[in-house]
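Read through the structures below before going on.
Look at the two complexes coming up: subunit A is in both, with subunit B in one and subunit C in the other.
Coming up: the complex of A and B.
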């Protein structure tokens, strides 16, 4: 029964938590720039507004793809909080983004296509590191199930510092933050029209936004797994990680896609694989 | 039918420089700086007409960008408002007799709010946008009212047949 409660709670509470996190994010960002910033509930006003607007549709299929994107993001998060198999979750998560890319390709706007191509590059950049993070957690806890990993008494972070740093690197890509916000960004000033969301408006854009809230809560849950042996340290670590991401977002400019791809793969190759190699050597040696 | 008015709390702006001397443009951008920080009111500067609620136009319309302005306006989803900023956007200003100037923004698309000035001050621009929010809200009510009438008519027809 526990798994069902976890999944249902995620589906209901994650949009609330995700929206609040986005609100806090915008407030802190504004303060870092010496501004007052929008109200805490601004992300909810934005999404509410989008539902009030006319939905301009170029190709009907785009709405379907975005809806499926939202469903699969919610599904992968629900599986995660139900304590499911980490590999299945990662694959469902990837599939969701493929639908978003298809939605952006369904229209004829060249800006939308550039966004879609860049989203694919992002997928390639972060995917290896996500898989390595799942493998690393398996090596420490002997289970791919989130329920087992969360219940472990082993401090996974001490065995996986490299994997964690690698994951934090690709987290910047996933949260759509500078310097890796190449497919679309929260800040309009460095955008080619609006990247992957160019052709989405009204309620369709609202769905993309809600999916992003679900996604952020899921990703922060993933960060928590590294610290799950102690819930207090876990929550503090998640908060510090997110604060660091906001800081990085505000002090860096967007890089070119080549640099984003290199960073993702270097993180996976050096930090991720290097960490796992040392870990397996220690395990073989009985250390 | 939603009666909550989120639109007023989250107006996203599209800024287009028709043929401004850049004076008004700089004042528009000043509204986004830490001094005025219009994001306090949920106002965001977007570069995408499909995400915008308010179209800010600076400068008079010239023969070459007539089609561009019309295109931007048509791409914005309803409800939407247009704010003409500065003397040139209102009438063509000191450029009105130039060979390539058509005139004010209202020669091409309907304008809801005129912000006077050369250049318009940031306080005036913010005031213009706030005035525009009231008109935006009226349009939204009318829009949801129209949708409701349509729905009711559809029901009435459905019941009679």
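Coming up: the complex of A and C.
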């Protein structure tokens, strides 16, 4: 029954954790920029307020796509915390994101259209590295199941430093952080209108935000897998990784999509594949 | 055995009958009825043999073999005639070389050209028969009405519909023959028939371009045919060890090194037929043919013959460097063709590149050939056949209504042709999204390649390839679902009875997704088990999760009811200018301007001009390497 507990806990607690992380993120970001920053719970206030807004749409269908997006993000994350198959989880996340993109296409608006294209480019940029990360964890732990990977006693990070760095690179894309926040950004100063979410408002926008919280918690869970042989180190590593992402977010400006695509693919090709090639060479030699 | 013979002979009978049917209504009746019979017979075949494993039949040999050689010679003469008529001398040379080799084979090794059993049936053949019998004949049904409309739209094309349907059914018969033959001479005979039939269908419109592309297909496939005969000669010459032309004996042969050479040659024939790089251009050129032809070539016949033979021989390839390089040909084709698909806006070309990519993936699985990969390859064949036929037929129907096959012109299809858009949506989802079919195979393939020495190359190929795949399919889907305002609905009168094939195939796509665990456990797993002694399957828990995802996807559209009417509608944001829902905004100087949206095609990075040549060069080198490695292994 462990898996069920994991899934249910994720479904209930992840929005809370995700919102808190967003709150901390905003606080730290503000300090880095020499501002005081909003209260810790500001993200919750924001989302709460969104739910009270008037229901305005360009087309009714957009609500559908965003709802499916939210549900599948939550489902994929729940699968992760239930200890499911990492590859299936990765593919389920892709499915969810495709629905967000379709929502942006459905509204047939110039700004969301560009956002949708860019979101797809992001997807294309990070997907190879995510798959390689899953494969790397398999090579170290001999299982694609999150439950087994999390229970391993092998320090995966020592075998997969390149994969981890590659994953950290595309993590920037997935967390929607600079310099790779090309489809939509948290920061007003580098946004063409609001990218993929331009036409989403009120409760629909709130759903996008909650989905983002769910996803962030999943992503940090993925980072944890690299360090899961020691929970304490794991949690510390996750915190440091996230802090590093915030730092990068604040010291870089948005790049063009070409650079985002190249970075994602080079990270996978050099850091990811290079690491895995050495690893499989070692394993061949060992066997 | 009667069912097998019936499935081979009945389509020929229908083909001959159709030569004399001139009226469309009557033709429709004949084709629909025979489709029903052929489909029914393939299902009967399934019920008859699904649980039996491989069954072999002696089948009359002497007369049939003689007739086949005679027909082969006749076809060679036909090619020579056509080649002379259109001044394509390469085709003549290849046809003559091939005929000469066949004569050499028949005369020199006549004692060794005997197979105990000429026909056989096993689960893999049943799967192929179902694809040919159901999808193939549905396409034929669709083609009747399509061709009627086609000729109305293209008055300049000579009406040769009797020939068209004769060839179509002959094609189906040849495909059945190909997957049922245990005698490799017979396989080769049917193989050549498919080459000729596709040549005739591609050249149907008789324009200069069509003729040119038909010859391109012919020449490339004849090249494969020559390799096939050479393989047969080699097998016949080494009959005592290799097993001669008896497929079952060859596959069971103890001397792996001896049969690797013919396997590499037949694999090459498979590569040409499956349109892998560098031979992909014939399949792209085949796009000039009427859409049902493309649907037929891409989903249930022709290219499937290529991957069929590769998968058949994959136990021979397994664990050899030859197999590895054939697999790499497939892998490189997969990633390069997927990337090029990004740069295409012509729907049929996108579909063609995606077919080439998927055939590449199947070949990659077959070449490396461990049990899990063979499982994945067969599953890919099934899912690809249903989803791709739906997409082609859908594109054809849209083209007749919208007047274009450009993806940009499909914008707002959900408003203009809602039912068609939903069917296309399902078809596209079947091509790349979890939990639909193709993705299961990619997933299984990744898990399998991890365990293969040097499998990392394929993992990388799959990782990049699937990322690229998501991009080009999703942006097409996006165009379909864009809710455009004030556009006319053009679907009316569209879904009359002749379009039933589309509904049925859509149903089949969903059915295969829901039933794939059953398909896997009753057909694919026993086949893999019989050959490898072990089999692959998805874990129960994962199957459950996927069914849950499917269920969610089927239920969630109900949520539309929740959103109805309550919301206030506003036009899209246009930089704050007053705007109307049909994407017009108030520009400066009182002018109203229109906004248009276009997808990204990134031609600069993923264009054909940039990627095709390197891909073709690498694949050519890999093909040569596969021969050299087979030679070295000897």
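In this section, the second predicted complex is superposed on the first by the 286 of 287 C-alpha atoms of A that agree within 3 Å, B and C clash if a C-alpha of one lies under 4 Å from a C-alpha of the other, contacts with A are read in each partner's own complex, and residues count from 1 in each chain.
Following the convention adopted for this analysis, contacts are C-beta pairs under 8 Å (C-beta built on N, C-alpha and C of every residue); 3 or more make two chains touch, one makes a residue touch a chain.
Values in this document were obtained by computation on a predicted structure and should not be read as measured data.
J.: Answer with first, second, both or neither: which of subunit B and subunit C does A:282 touch in the superposed model?
T.: After superposition on chain A, A:282 lies in contact with neither partner.
J.: Quick one: classify A:38 as touching subunit B (first), subunit C (second), both or neither.
T.: After superposition on chain A, A:38 lies in contact with subunit B alone.
J.: Is A:205 contacted by the first partner subunit B, the second partner subunit C, both or neither?
T.: The first partner, subunit B, only.
J.: Once the structures are superposed on A, label A:55 by its partner contacts, choosing first (subunit B), second (subunit C), both or neither.
T.: Both partners, subunit B and subunit C.
J.: Identify the partner contact of A:46: answer first if only subunit B is touched, second if only subunit C is, both if each is, neither if none is.
T.: After superposing on A, A:46 lies in contact with subunit B but is clear of subunit C.
J.: Check whether A:67 is in contact with subunit B, with subunit C, with both or with neither, and answer first, second, both or neither.
T.: In the superposed model, A:67 contacts subunit C only, not subunit B.
J.: Tell me the contact category for A:121 with respect to subunit B and subunit C: first, second, both or neither.
T.: In the superposition, A:121 contacts subunit C only.
J.: Tell me the contact category for A:135 with respect to subunit B and subunit C: first, second, both or neither.
T.: A:135 sits against subunit C, while subunit B stays out of touch.
J.: In the superposed arrangement, does A:193 touch subunit B (first), subunit C (second), both or neither?
T.: In the superposed model, A:193 contacts both subunit B and subunit C.
J.: By the touch definition above, which subunit A residues appear in both interfaces, subunit B in one complex and subunit C in the other?
T.: 54-56, 193, 198-199.
J.: Contact residues on subunit A for subunit C in the complex?
T.: My answer: residues 54-61, 63-65, 67-68, 71-72, 75, 79, 84-85, 87-88, 91-92, 94-95, 98, 101-102, 104-113, 116-117, 120-121, 123-125, 127-129, 131-132, 135, 138-139, 144, 193, 198-199, 258, 265, 268-269, 273, 276-277, 280, 284.
J.: Could you pull out which subunit B residues touch subunit A in their complex?
T.: Touching subunit A from subunit B are residues 2, 4-7, 9-10, 34, 37, 39-42, 44-48, 50-51, 53, 75, 77-79, 140, 143-144.
J.: Could you pull out which subunit A residues touch subunit B in their complex?
T.: On the subunit A side, the touching residues are 26, 30, 33-39, 42, 45-46, 48-49, 51-56, 188-189, 191, 193-194, 197-202, 205.
J.: Applying the document's contact rule, which stretches of subunit C touch subunit A when the two form their complex?
T.: 411-412, 414, 433-435, 439, 443, 446-447, 450, 453-454, 456, 459-460, 462-464, 466-468, 470-471, 474-475, 477-479, 481-485, 539, 541-542, 545-546, 549, 552-553, 556-557, 559-560, 562-564, 566-575, 581, 583, 595, 597, 599-600, 605
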